[in-house]
Structures are given as structure tokens and as C-alpha cells.
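The following pair of complexes shares a single chain, subunit A, combined with subunit B in the former and subunit C in the latter.
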Partner chain A sequence: MRKKDIIIAISLAIMVMAISSALYVGRFIVITPPYKTRDLAKSFLKYSYNPWNEELTSYALNVVSAIIWDYRGLDTILETAVLYSAIIGITTLFRGVIEIRGLRHRGLSFLVKMPSRIIIPLIIAVGISLAMYGHLTPGGGFQAGAVATVAPALIITIFSIETLYALKFRTRKLFLIRTIAFAGILVISISLFLYSLVFLTNAYILQNMIRENSNALMPHWFVDVPLAGSIFFYNILEFLTVFAGLTYVFIIYSMREREVESMWREVETYE
Partner chain B sequence: MNEILQAIFTIVIAVFIANMGIALYGVFSRPSLIKKTMSLVLFTDSINMIAISIGFRMLEKGYPKPPILPRIPETPAELEHFTQVSVDPLLQALVLTAIVIGFAINMFIIGLVKMYYRHYGTTDIRVSLEERI
Partner chain C sequence: MFLPVIILLIFAFLSIVATYLAIVERDMLVAAIFMAFQGVCYAIIYYVLMAPDVTLAYIPISSGLTPILILIVLKKTERIER
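Right, the complex of A and B next:
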């Protein structure tokens, strides 16, 4: 066993040295980042918010959001589908878990509980603002959901999972929210296409702004703030998807033994 | 100033490559499944950070800007200046996709580890190997 460990360590050290030397070859010990960006990156930077070229712009100030939801939108929808199927896999693994209310719980001390009562609403507010302004400032749907999920995780560790149940967070409801939000993303992706079928114009699936041969467009200006069309709606729905999905996983992973016992009974009858 | 930036960039890349090696050591040679999973997360994150740093750039003077327009551009020249100073946004978008998918896979792996623990009473991978023989 020890000989195997030594061999693994030495071969990994050789791998690290090989990658480093491959990077350093011909660059005089220090690696210099390039002074120019690639042409592809330049075109994304140029057309992300470009009112002088309406056929290629998406009216989003945040270029990363524009790439994720507009220029490479299909990637992101499939990525959300991967996250969705991972959660379905977890549901299948933990089938038969029931939620029991009223088990004994204490939580951490008063000194921890009192500040977290103030912090937890703030975390959720930051998450919502990241989702709402995802097309204008750094942020976006997934990041916002990941930030906001810290709040249920803190509630589970500091208070108890009972507190989360008392706040009406149930696994069934969260799964429903998740599914509805994911369906909403799909509906928005084909909404302009459906619009074009009704009004007999041309439109593409996943279309956001005016494109070649098509004049249909999503709303891109709300009073005096750029709305970036479908990017705004996608961000909100992705926030709901990620928040509900991750909270669901947190609740399932922090089940107590009494709740999990029923799972084994279910599995035995199933087999 | 650019020399300092180059030195920091080189150190950061070297640290990420060393991190990859350490993480792979954890995946191969630690017996605990929890530690294997943690090493796997560390490995993915090091690779993602290297991928982001490929998109980094340098300017003749000053620091590069993040790929977000600070305000609504009023003239095409302002937009042109933004493309000259901003870093590559495409790699950041691709790494975001990679993070989400890695996250989904890690969640599922942790579920499997929990089931393993309930079945064998430990997360040691050698227990299941001995039982098979």
C-alpha cells in the first residue's frame, strides 16, 4: 500500500512539472498574458449593447449575461436541464423519505441565532437584486440562486430543519416551483415563435432582439432602464429554478434518521 | 507595473497547476469517499480558474477592465474604447456553464456517498472491496 502511494505521488509530481514546463517553453520563465483579445471576444464585446447595429445587439450591458442567454442560449437551457435531471436522480435515490414534524430540536446558542435573524433576510435580498440586475451589473440567474440558497442552509444549521418546515418550505412545493420555472424558461424560448405563428411573421426559436429576416422582438426598455428582453425573464426564472432546486436538495440531505427509516421500508417493498 | 502583473500571473498559474496535482493525489490515494469528492471539487475548480486566466489580457498602461459596460454608451467611439480595454468574456461564460454542470454532478455524487454510508456504516472505499472478495 505504501509503495503504491509513493508511485502515485511521484507520477503526479512529474505530471505537474511537465504541464508547467510545457507552459513555460519559449516564454523566458514568466508567462505573459496577451496584449490583444481574440476577434470572437471583440465581436461579443462590440455587439452586446450596440444601438447602432440593431441586427446583432441584445441590449445587455453585462456581456457575460448576453452570451449566456442570447448568443449561446441553447447551451444554457440544456445546462439547466442537466441540473434538473441531477435533482430527479437524487429524488430517485432518496425515494420514500417522509417529513416528520415535531421532533426535538435546539439549534445553536442565542449569540449565533440573533445576528443570523438579521443576516438571513439580507442574503435573500442580495440574491433577488443579483437576479433582477443580472443584465446590467455583475450577476445572473445561477449566481443569484446560489447566493440566496445560503439562507436556507444557514437556517438548517443555526436553527433547525423544523424552522424551515414552519416557514412553509416543503419538498413537494419546492419541486413544483422548480418544474414550473423550468417550463417557463422553455415557454419564453419559443414565445416569439408562437407570436409569429399567430401574427404570420418570421421569428426564430430563442430569439431575443431583431435579427435578419425577422422583426419580432421582446421588450428591451422599461421606463428608463434597459431590460434586455428575454435575458431579464430568463434570469428571474433561472433564479427560481436554482433556489428551489438547491433548497430541495439541502432539505433532503439534512433529513434526520427517523425520517430516513421509512425510506428503507419503502425500498424493501419496492424490491 | 506590468512586470508585477506578469510575476503575479505566473505565480497564480503555477499555484493552480500544483493544486491540480494535489487534488489528483487526493482522488487516487485517499480511502475516504468524502475526501475523494472534496479533491474532485478542488480539481474541477483549479481547471476552471486556469480556463478563466486564459482570457486575461494586459494593457500598455493601466489595468484591464471586467467585461461589463460601466454605463450606457452614447457614441460608437466609447464602445470601441470598451472593446480595447476589456478582458475576454467568452471564457467566463463557458466556465459558468462548466461550474453549473460540475455542481449538478457533485450533488449527485454526494447523494451516492450518503447511501454508501447508510449501507456500510463507513465511507471507507476499502470496505466494499473486501466484501466482494
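Right, the complex of A and C next:
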């Protein structure tokens, strides 16, 4: 049975490879990126970190971060809103769950637990560094949040959900952190506009650096490191939103039977 | 110049094999592991195609969060598909 499956899989893979290499030889598709860059890419590369042209730069060395949070900021904010509303949907589906501490639990064996005690803090550290340096190196808020969420998910599978409760992860608190961080993203997006209303200057919504007709700007230099203004704050807040939101989902999905029992009672009263 | 193409072909080949085995596998736990392996192959392909940002998002989601989510679901339901 297994040998047959492997033979079918390899023949399927050979067929796909043959078709794709035929297309590649015939120049119908391009596999590797071209070595020449297009004009649009050239302009982004030229202006994303360019202190000599202050009207177009964003002081971010990572061009992808500069595009998704500065030049095309509205898209990313709406993406975060989509994630936010998806988690609100899960909350409505699982309304009425309660957290009960002190139920019987046992995790995996000692051999799995001991290395993961070392690995889990490292995963959190990688996540935080991806968020803090998202404007300088590849990375960013969403990636950092997804990396850091692996740590609570591993704690749930390897130890138990009780360990996560003991580490002060509660659904109510995570929901609050997520909402506050998302509100923070919205406040930062209009902060320069509010500043301009107070000091009677011109500013745009979602503005980061100096632009045409406007002199308002976010802090763009921290001691000797470029801070890229709002991109840094957006990355940190996006990290908090994604981390708190996905951890909340994992806690709700892995709740025990006693904790979900009251949900059914709630559903029956609604019906 | 041909090294990226060769790496790409090898990992694309492995990912197709892993995908097929994940679909036909009856034991869902093993299928989840095949799926995680396919995710690793795709992450390497993204890295070869010069998209480190996508790689960083793809590694935790495909080989960390999704298999763990499937493990939690399997714990609550059945492991062997009938």
C-alpha cells in the first residue's frame, strides 16, 4: 500500500516537473526573478532610504516595510482590520466559554519538555527582534506576531493549557491587548493630522515623513539608528495585535470539555 | 546562475511528493507532518525567489501554527480517517 503511494507520488512529481520545464524551455514562464529591475521597483529602491530627498523618503532600510506601512499604508491597516473582524467572529461563535483552572492535566514526556524550555524563550526573542528591526531588516509586524505565537501554541501542546493560565495568559486580557493595539494603529495613522489641527499646519492622514505642502514629521532618528517614524510604531503595535489575537484563538480552540460546557447552555437559551 | 533553478526544482519535486502523500494518508497525524514538510519546501522556494519577508511569514504559519491547530483538532476528534 505505502510503496504504491510513493511510486504514484514520484511519477506525479515527474509529470509536473516535465510540464514546467517544457514551459520554461519554451519561454512561456519565467522561474527565477529577472536580473534587471523595473522602473517602479527602481524608484522605490532609490527613495525608501534617501536622506538627501526629504520629500519622498521614509527612512526605512527595508523597502518592503516602507511600501506596506508608508507608501501603501491604507492596505495594511485594512488587512489588520480583516484579521480583527475574523477574531470577533470566533468570539461570537464561542460565546459563553469560561476558564477553569486546576483541572487534571499531563503534558508530553520529559524528553520533549526539557528542550522546549530552552526553545520557547528563544522563539519569543526572535519574534520581538523581528518586530523591533522590521524597518531595517526583512521582517515586520505580522511576521513577528506569527513567529511569537508559535511559543504559546507549543506550550499548549507540550505542557498544557494550565501552564499558559499560570503564565497569566487569560482570554479577557488578550482580547483587551488586541483591541488597544489596533486602536493604537488607528491613532498613529491620524496623529499627525491631529497635530496639524492643534498647531495650524498642513498634514495628511497616514503621513510619515515630510511631504509636499506639509512640514509635519514623525521622529525618524533614535540616537544613531534610523527609526523610520511611524513604521516602527506600526510594527510594534501590529506585533501585539497579531500575537494577542492568534494566542486568543489558540486558547479558545484548545479549551477542555468542562470549560466549553457552559457554551452549549448559552446557545440553548438563545434558541 | 543555474544553482537557484536546481534548488528550486529539487524542492518543488519534494513538495509535490509530500502533498500527494498528505492527501492519501489515512493517519491524520502523519498527514499533518507531511503538510509541515511541504510548508518547509515552499519556504525554501520563496527564499530562493528572493522574498525573505514572505519566507518569514510562511515558516511559522505553515510548519508551526497549522500542524499544531490540526493536532488540537485531532485530540478532540479521531486520529484515523475511515
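Here is the rule we use: the second predicted complex is superposed on the first by the 237 of 271 C-alpha atoms of A that agree within 3 Å, B and C clash if a C-alpha of one lies under 4 Å from a C-alpha of the other, contacts with A are read in each partner's own complex, and residues count from 1 in each chain.
Everything that follows uses one rule, which is that a contact is a pair of C-beta atoms (placed from the backbone, for glycine too) under 8 Å apart; a residue touches a chain by one contact, two chains touch by 3 or more.
Since the structure is predicted, the reported quantities are computational estimates derived from the model, not experimental observations.
Kindly classify A:226 by the partners it touches after superposition: subunit B alone (first), subunit C alone (second), both, or neither?
In the superposed model, A:226 contacts subunit B only, not subunit C.
Tell me the contact category for A:8 with respect to subunit B and subunit C: first, second, both or neither.
both
Quick check on the superposed pair: does A:213 touch subunit B, subunit C, both, or neither? Answer first, second, both or neither.
Once the two structures are laid over each other on A, A:213 reaches no partner at all.
A:130 contacts which: subunit B (first), subunit C (second), both, neither?
Only subunit C is touched by A:130; subunit B is not.
For A:142, using the defined touch cut-off, is the partner it touches subunit B, subunit C, both, or neither? Pick first, second, both or neither.
both
On the A-aligned overlay, A:201 touches which partner chain: subunit B = first, subunit C = second, or both, or neither?
neither
Would you check which partner chain A:16 touches, where first means subunit B only, second means subunit C only, and both and neither mean what they say?
both
Compare subunit B and subunit C by how many residues of subunit A each one touches, and report the one with more.
B
Touching A:150 in the superposition: subunit B (first), subunit C (second), both, neither?
second
Of the partners subunit B and subunit C, which touch A:79 in the superposed model: first, second, both, neither?
Only subunit B is touched by A:79; subunit C is not.
Do subunit B and subunit C land on any of the same subunit A residues, and which?
5, 8-9, 12-13, 16, 20, 31-33, 64, 138, 140, 142, 253
Would you mind writing out the residues of subunit A in touch with subunit B in their complex?
4-5, 8-9, 12-13, 15-16, 19-20, 23, 29-38, 40-42, 44-46, 48-50, 52, 61-64, 67-68, 72, 75-76, 79-80, 82-83, 85-87, 89-90, 93-94, 137-138, 140, 142, 226, 249, 253, 260
Over in the complex, which subunit A residues touch subunit C? Could you list them?
Per the touch definition, subunit A meets subunit C at residues 5-6, 8-10, 12-14, 16-17, 20-21, 31-33, 64, 130, 138-140, 142-143, 146-147, 149-150, 153-154, 156-157, 246, 250, 253-254.
Considering the complex alone, what residue numbers of subunit B touch subunit A?
Residues in contact with subunit A: 5-7, 9-10, 13-14, 17-18, 20-21, 24-25, 28-29, 53, 55-60, 66-69, 72-73, 76, 79-80, 82-83, 86-90, 92-93, 96-97, 99-101, 103-105, 107-108, 110-112, 114-115, 118.
Can you check the complex and tell me which residues of subunit C touch subunit A?
Of all residues in subunit C, those touching subunit A are 4-5, 8-9, 12-14, 16-17, 20-21, 24, 48-50, 52-53, 56-57, 59-61, 64-65, 68-69, 71-73.
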